[in-house]
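In this document, chain identifiers A, B and C correspond to the written order of the chains, with residue numbering beginning at 1 in each.
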Amino acid sequence: MSDLSQAYPRSWKKPPLIASAWLRRGLWLGAAVYLALALGTMEVNWARVMEGLPRGAAFLGAFFPPDFVTRWDSILDGILESIWMTVIATVAGIALSVPIGLGAARNLAPLPVYLLCRGIVAVSRTFPEVILAIFAVKLFGFGPFAGFLALSIATIGFYGKLLAEDIENMDPGQAEAVRATGASWFQWINYAVQPQVMPRMIGLAMYRLDINFRESAVVGIVGGGGIGATLLTAFDRYEFDSAAAILLVIIGIVMVLEYLSGYLRRWVQ
Amino acid sequence: MPVLEQNGRPVWKRRTTPQQWGRWLAWLVGIAIVAYSWHLISEKTIWFFVADAGTQAADMAERMVPPKWSYMEELWLPVWDTINIATLGTLIAVVLAFPIAFCAASNTSPHPLVRSVALFIIVSSRSINSLIWALMLVAIIGPGVFAGVIAIGLRSIGFCAKLLYEAIEEIDPTQVEAITATGASGTQRLAYGIVPQILPAFAGIAVFRWDINIRESTVLGLVGAGGIGLQLSSSINSLAWTQVSLILLVILATVAVSEWVSAKVRHAII
Amino acid sequence: MLRLESLVKRYKTGDHALKGVDLEVPKGQVLALIGPSGAGKSTLIRCINRLVEPTSGAVYLSDVNVAAVSSGELRRLRRRMGMIFQEYALVERLTVMENVLSGRLGYVGFWRSWFRKFPPDDVAEAFRLLDRVGLMHMADKRADELSGGQRQRVGIARALIQNPDLLLVDEPTASLDPKTSRQIMRLICELCAERGLAAIINIHDVMLAQMFGQRIVGLQLGEIVYDGPPNGLTSEVLTRIYGEEDWEATIETVEEEEEDEVAEAGAAV
């Protein structure tokens, strides 16, 4: 047996993921050059960073314990405003995105409607909530109404796209069967499309509620109302212990929302 | 259950009576909450401005065209910075998310206590928007691209780690069992039994997050953390609307390209 | 060589999977373990190499109690017990060669295995085994590109490269077609004979068990109800293992097919 084993190769190398050696080396080289350039052009003011470290430590220290008391009134005010803004923006956004989502599904809508709705979805998805909020504030003045609008528009982009994709991926057999009964278009939507997409869409609505709450904390930074404004003030005044308290409240609410949405999704299915 | 006896005849109803009442109640509560929210929001709104918004918007749109193309020269560097913030931030996040995900997954976590710490890190990182992270970091380490990179990194850890630990929990346990049966050590079990199974998901998550991060890093400049948001906020503040429209177009293009790249790469991986 | 003494396994759910099993397997014996689903066959095999921790009792592998050793010692003992799985349990995203070499993990350190730098003798042995199971040309293929029978051959090579004294085989043919099943079973038996390995083959196909086992053990509800030669499996014994059923047909076809097998084997020589 030992003579035989001499005949077998005594080394083995794993075949590389990318077969062409040139392409492989090219990619490595490209990545290295990019990293070097990216790090090279990033101007880091180390002196400033060092100077900031004790402040960072102070900020971390502010979490033990955070100060809920001093600014409690404005924290409560901001949080409640954020919550109301989130609720109504989610409801309005979803209500608007249902017709747009139906229109953006290729298997339901005629081409012109499809293109229009896809266009709306694409534009509202591209810009982050904060940019939408900046313009809403410019047009509608400071306050939660601007934040509400920004979040609603962002919700349309998110929810409309997912709804359209879900409808496009539905089981065509069920849809055909209902159509074959002679149902009208609305009956068809109600009996064939709605039952198929509903459970997932309820889950996504909860998820969007969660996202909207988190985003409601930032629209305040540009003047869109909610807890963001309170947070910005706390940072500007270097009141780290109040800022820590606000962050903890946000984390707590997000955790509660996540738990609730998990519960609701199980209940729906 | 929904078939009820009524006057000796079976009657079909979609729901039983208590179910129907429950539904009505849920709707009632829901509508009450929405109405109350609307009441509070509208109280804080100056309706005069809202009514005026149409004219304002038309005015703004008029002043935005045509975009000031010559301003592009000053935008190349911010765009480059924006992409770097997203890329380097994602890089930091995936490197840190990897061990955290293993601590958070119920089938690989070394200890329940470690698991709850890892889950807490994930929730905190996810709950706080990158703009808020940036706000904090600018206050601590000063304005600039570096703060943006760290902010994107901190924000993305939770996202990547969450998706990754879900992938780890869904692996095929028999493959791990087979590696265990050969007498492999704990680390070898990880390297041979688990890592190959989650690697494609890992790459997909990284690219997906990079795409999101491009979008998020366009606004970090608003709080001073580098990237094109800096130009956006100064242009808006100086009412240079033709510059603003150009910046918006550039953001649109960058996001479209990054979406295309990420779709291509994910398609190639999966 | 392997001796089980009043082995008991009780799951946390309360299932009493093994109720004090005593079994002795001498060197070089191929033992087929039969029994209905839920009889504890898989649990028994997994208690031997402690993929499942036995509740009480002892497992002696050449006079070392596997059930009582530390985790480091357990690793060394597992090297001596090769295991072959029902659904092949190959790491699907690794190449065939990596899967075979993974059988050596108990012998090499972490970094060596991480960089795939296995000792040259291991590599040569891996190639020899792949050649033996007829998959030499597949070494660089990814495991998920292989057919079921080919995967099980890789699984066999992985178990054998451990250089074991004992093979634990868990339903090797459950996901294979009848012809491939026989080829795989024949291969396992041949390899056991070549190397003088003992094997416990857990199998639900009575015909295959009779055809390839030198000794049959029937397990029912965690207890051994039959232990004897293959031709001792009478209708009455099968009823005791599996419950009431018309067994005559099964037994007869087995005998016929066994003759076919012999004829076929004769023709092949």
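The rule we apply is simple: contacts are C-beta pairs under 8 Å (C-beta built on N, C-alpha and C of every residue); 3 or more make two chains touch, one makes a residue touch a chain.
Given the structure is predicted, the values throughout are model-derived calculations rather than measurements.
J.: Report the topology of the inter-chain touch graph, choosing from line, ring, star, complete and other.
T.: Complete.
J.: Counting C-beta pairs in contact, pick out the pair of chains that comes out on top.
T.: Summing C-beta contacts for every pairing gives the maximum at A-B.
J.: Using C-alpha centroids, which chain lies at the maximum separation from chain B?
T.: The most remote chain is C.
J.: Please tell me the distance, in whole Å, between the geometric centres of chain A and chain C computed from their C-alpha atoms.
T.: Result: the chain centres lie 50 Å from each other.
J.: Where the centres are mean C-alpha positions, what is the separation of chain A from chain B, in Å?
T.: Going by mean C-alpha positions, chain A sits 4 Å from chain B.
J.: Can you list every residue of chain C that touches 2 or more other chains, as numbers and ranges?
T.: Chain C, residues with two or more chain partners: 98.
J.: Which of the residues in chain C come into contact with chain A in the complex?
T.: Contacts found on chain C: 95, 97-98, 101, 116, 118, 120-121, 123-128, 131, 139-140.
J.: Which of the residues in chain A come into contact with chain C in the complex?
T.: Its residues touching chain C are 4-6, 8-15.
J.: Which residues of chain A touch chain B in the complex?
T.: Of all residues in chain A, those touching chain B are 34, 38-39, 41-45, 48-49, 51-53, 55-56, 59, 80-81, 83-85, 87-88, 91, 126-128, 130-131, 134, 138-141, 143-145, 148, 214-215, 217-218, 221-222, 225, 228, 231-232, 235, 238, 243, 247, 250-251, 254-255, 258.
J.: Any idea which chain B residues touch chain A in the complex?
T.: 33-34, 36-38, 40-42, 44-46, 49-50, 53, 56-57, 60, 77, 80-81, 84, 87-88, 123-124, 126-129, 131-132, 135-136, 139-142, 144-146, 149, 215-216, 218-219, 222-223, 232-233, 236, 248, 251-252, 255-256
J.: Spell out the part of chain C that touches chain B in their complex, as residue ranges.
T.: 49, 51, 74-79, 81-83, 85-87, 89-94, 98, 102-107, 110, 113-114, 155, 158, 162, 168
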